[in-house]
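Take a look at the structures listed below.
Shared between the two complexes below is chain A, which pairs with chain B and chain C, respectively.
Let's turn to the complex of A and B:
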């Protein structure tokens, strides 16, 4: 890379002012050496993503038009039959509904927890300073360990939480074993695992709220609630929007927490869409059906994400 | 540091408002308990003997500390094999993910290649597709390229699922390095490659640490891919190995909890070493 080419690139980047050394000779259509280097640098991630996401996605759509059972065995083209089979399967729609509930309750519980923690992290003192790091520990612990930890705490024979609650007269029963409570019990465990990321991000966003504006509002007699809704919240909105979108998609995608604690049971009470697909492929060995269910789920998810972006995106001119 | 509701300061101003401090102390105690109480319970349980651990009235401090659970774990299970596999996969993933995402972020946000915005969008979009829904076709893809039942497959998938978020995280770091540095280096005669290695990359160390921690923790925890794409016992990672141990020794809570403790310890240890950078980096990346 010669210095001349480099400066001409620098010149073309600052096209609105006089160039430092000599005017740019780059035509907009010709690739500068910087751009070639740039594309070379971007190539590896694109290669990985094409291989692991784009290619499998296309093959999932195709597989949905076939009738393969165990992965890798022979299959023939059956048109929309497999897709129709999934669409007419009531338990597929039930699992999607459970996924909706799973995402909404997870996001609500984690956002509330994250806000409470973020406000505490903002305070002065040694506790807040150290907590800003260790509060992330529940996320660092492997999911398999998280699932055992809570199964041990809530064990109906030897669990300490079970024991402590019984002492104050609350019979917990077996929260993961009852169809009516299992989903919410797993949601609480999953929220314990994931709230730290939201807490740290919200804490970071809170730190960008200008202190003097808040002081001025307080001087004018605004209460804490008023200050939050009129000043803090609008500033947080873009971060909350991104967090809500990414967090919802991450939550939707979660399989390990559920699978390791209840494996989708009891009586399908915790079978969300990912668990449904997973079981279809690896317990019932209907891989084409699982692929079709994946494609349909991705379509529903994409539509939900578009709606969220359409109606949830904060106005640009706040 | 910015303080939203400031009971701390109020306390300095008037002694009466000492009462106002109570909610914040209560919330500090609650948060500490929520994070540490479950971990405390696992640690002390793992050191209890077989009789003490299943008492109907639990002891809050072991009457006698024993290493028996850990001895049984190390002698009668393949824990050390799983540990070795997990370390291999997680460290390799962290290294490759750093290289791949730093390269991509540099090309996208520093060299500003034409069409970079659209490429960045496509990378993020790819990231939004749930990995779980891809397990079935991924199985076929990995078989056809001969990677099924190998640790390389896990590294490849972990990189695919950590690099997009890492690239996005690095954006904040790269934007905070003044581009005047590049121009100065160019005037001094440094080419683009030298500018990248000698000017920008050294300043990107906190960002690289963040990405490395994120990728390491992701791979250390990853369960779904590891459970489906690796079937040989001697290649299994800790989450899979541990869940097999749990299935095999369901009644031996002591051994299971010792396994849980030793599975979370490496990740916790690494986090305590470099977690500060991770939290700082996450905040910088997310609020830029």
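Let's turn to the complex of A and C:
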């Protein structure tokens, strides 16, 4: 480990300040006037959070104990029957599996793209300066437009990409229409849409890496790989951890691009958990089953997030 | 987590449709700009007559209307009028929304004459639940230039259609462009072929599903065979892709509604005379002419009696001959008249698109007379049809054949099982 990284980590051990990763365990022993004022000030946003998160969550849990078909129609209490129906439905677990694949591949592809772009943006020159602006373009394009653009680019009759690849002897076939390729094709579209977010965050984090430390390492004979793994990566770790956690949760919940491009098909090749829940609620009109599936999905997702925090958290606060 | 929020969020109204005092709010799902412009112009014209209640159109999306209307039903702030198709109307009624409009329908029927197919799909329990506004029907569209070059005539039967598709397929051109995505477009084309194959009614006398019949299997088989001559990415096609392939010359045939008329000449660069149209080909043995037929209507959702009366007054005004032609011309060729005299309305027929393609327009009108919609065949009113149509089970059956390699008979059995499960 480099001297800089060691110094940085040692510094963090000595720190008594609050950590983003490990919250302070100090508890106030009595309510002072200031703390009452503090609670009053955050009360409105807490109320908003309760109304917008807790109420729908509790509502979904309760709905899962019912047998409602169309939302808003009458229903009966059926105990755990609806939850058991979802648990025994192989399609539900298949969709969760696809979601897992969706998240992992999206995170890997987006991280690679984001790192490549972030490093390119760090280079000096007119190109990288202007690229800092236009590289975010895929991110700012509305998802509907992104979906339409890629569908047209890959269309077999008039798609530019399809045509260009055909010119060099590559038959693209039907990437969105074949079960074996559809999920990966939509993942690539989604990654293209969202990687600029990661690129901007990583680029920002890279700018915090002390140049003099890198210069010193280089003078000591360290190569680019050694510098990255021993200096840059440890400093980026907290940012990558936060980006990985938030990005994974965000990615897991994506519905719009999948629905717009394939609607979960062909067959169920792109039916991830959110698509499965949406179809249950609004295509099959089984709102209680959809609620039960969403609660179970939330539990699985929560468990996965906890595991990620437990095992993916950087060893020390940098 | 967002899945939970998503579902919970649906319990709340997605759009506030609350109307101002003295205003009737109308939700429609015709978001194409030219249609919106005509609707708004008609509203302005009506409002200029100083009615007790003015009217205002609001555009919604078909993709979103199911959860949206459920949200408004819970919140009690539904629009006063909602455009609908018959299967969607059963869903809306299931939510506890919708008022009988029998008096309005009967008044329009007695003065203008309504086509039977347009109104029966909204009749249940002795009442009408929507005012029919316009019809939509499908035809076989074909490129005359390609047919002439191949020395072919328009196909009239299943086997002729398949033979033509095969003969017209080259390295650069697909014989036909069909949708095979999991969507309503695929449902509609398959059902048209089921109608002309004698499988329009797949419910037995006790409203049980009996899809696994030789006629249905034959239609499934034809569709699957035709897909061999459709573009290789048909598995992701809906409405737009076949039309674009057809107009660009990448496909020689397509089965769709009247929206093919307006853009054909501009997009293909051909003379309008090169657009061929023919009835949907019928089965070789015992087929019958027809097509899927959508009667688009307006449901009155207002609960206040004065608002109901005002909604009825506007719909009656809209159906008057002097206004109806303008309304239909919001999408020439796609919106077909549902009144017996509508076909001869000068205001409608004089439209440039309709007069250019008069022969095809006449054919569309003829097809309207024998059109049908699943769940509403021969006076049926299957209350749970919305639960079936919402899942695109026909389209999924096509995908089972096209992608998963199921045989037509296996796909028919699979679809029947899915439909039975849908209404459990």
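Convention: the second predicted complex is superposed on the first by the 273 of 318 C-alpha atoms of A that agree within 3 Å, B and C clash if a C-alpha of one lies under 4 Å from a C-alpha of the other, contacts with A are read in each partner's own complex, and residues count from 1 in each chain.
Keep this in mind: a contact is a pair of C-beta atoms (placed from the backbone, for glycine too) under 8 Å apart; a residue touches a chain by one contact, two chains touch by 3 or more.
Bear in mind the structure is a predicted one, so any value in this text is a computation, not a measurement.
Colleague: Sharing chain A, do chain B and chain C clash or fit in the superposition?
Modeller: clash
Colleague: With the two structures laid over each other on chain A, which partner does A:237 touch: chain B (first), chain C (second), both, or neither?
Modeller: Neither partner.
Colleague: In the superposed arrangement, does A:263 touch chain B (first), chain C (second), both or neither?
Modeller: second
Colleague: Looking at chain A, does chain C or chain B touch more of its residues?
Modeller: B
Colleague: Counting only touches as set out at the top, which of chain B and chain C does A:181 meet: first, second, both, neither?
Modeller: neither
Colleague: A:156 in the overlay: touching chain B, chain C, both, or neither? Say first, second, both or neither.
Modeller: It touches chain C, and chain B stays clear.
Colleague: Of the partners chain B and chain C, which touch A:297 in the superposed model: first, second, both, neither?
Modeller: Both: A:297 reaches chain B and chain C.
Colleague: Touching A:287 in the superposition: chain B (first), chain C (second), both, neither?
Modeller: both
Colleague: Using the touch definition from the top, say if A:123 reaches chain B (first), chain C (second), both or neither.
Modeller: first
Colleague: Just to be sure I read the superposition right, which of the two partners does A:173 touch: chain B = first, chain C = second, or both, or neither?
Modeller: A:173 sits against chain C, while chain B stays out of touch.
Colleague: Would you tell me the residues on chain A in contact with chain B in one complex that are also in contact with chain C in the other?
Modeller: Correct list for chain A: 52-53, 55-57, 59-60, 63, 71-72, 157-158, 249, 253, 255, 274, 277-278, 281-282, 287, 290-291, 294-295, 297-298, 301.
Colleague: Going by the contact rule at the top, pick out the chain A residues touching chain B in the complex.
Modeller: Chain A reaches chain B through residues 1-3, 6-7, 9-10, 13, 20-21, 31, 33-35, 37-42, 44-46, 48-49, 51-57, 59-60, 63, 71-72, 116-117, 119-120, 122-125, 127-128, 131-145, 148-150, 152-153, 157-158, 160, 163, 192, 197, 200-201, 203-211, 214, 224, 228, 232, 239, 242-243, 249, 252-253, 255-256, 259-260, 274, 277-278, 281-282, 287, 290-291, 294-295, 297-298, 301, 305.
Colleague: Which residues of chain B touch chain A once you look at their complex with the stated criterion?
Modeller: Within the complex, chain B contacts chain A at residues 1-9, 24, 27-28, 31-32, 34-35, 38-39, 41-42, 45, 53-58, 99-101, 103-104, 106-108, 111-114, 116, 119, 123, 126, 128-141, 143, 145, 156-157, 159-160, 163-164, 167, 182-183, 186-187, 189-194, 217, 220-221, 223-224, 228, 238-239, 242-243, 246, 253, 256-257, 260, 263-264, 267-268, 271-272, 275-276, 278-279, 282-284, 286-287.
Colleague: Touching chain A in the complex: which residues of chain C?
Modeller: 1-11, 66-67, 70-71, 73-74, 91, 94-96, 174, 180-183, 231-236, 241, 244-245, 248, 250-251, 386-387, 390-392, 396, 399-400, 402-404, 422
Colleague: If you look only at chain A, which of its residues touch chain C in the complex?
Modeller: 52-53, 55-57, 59-60, 63, 69-73, 151, 154-158, 173-179, 249, 253, 255, 261-267, 273-274, 277-279, 281-285, 287, 290-291, 293-295, 297-298, 301-302
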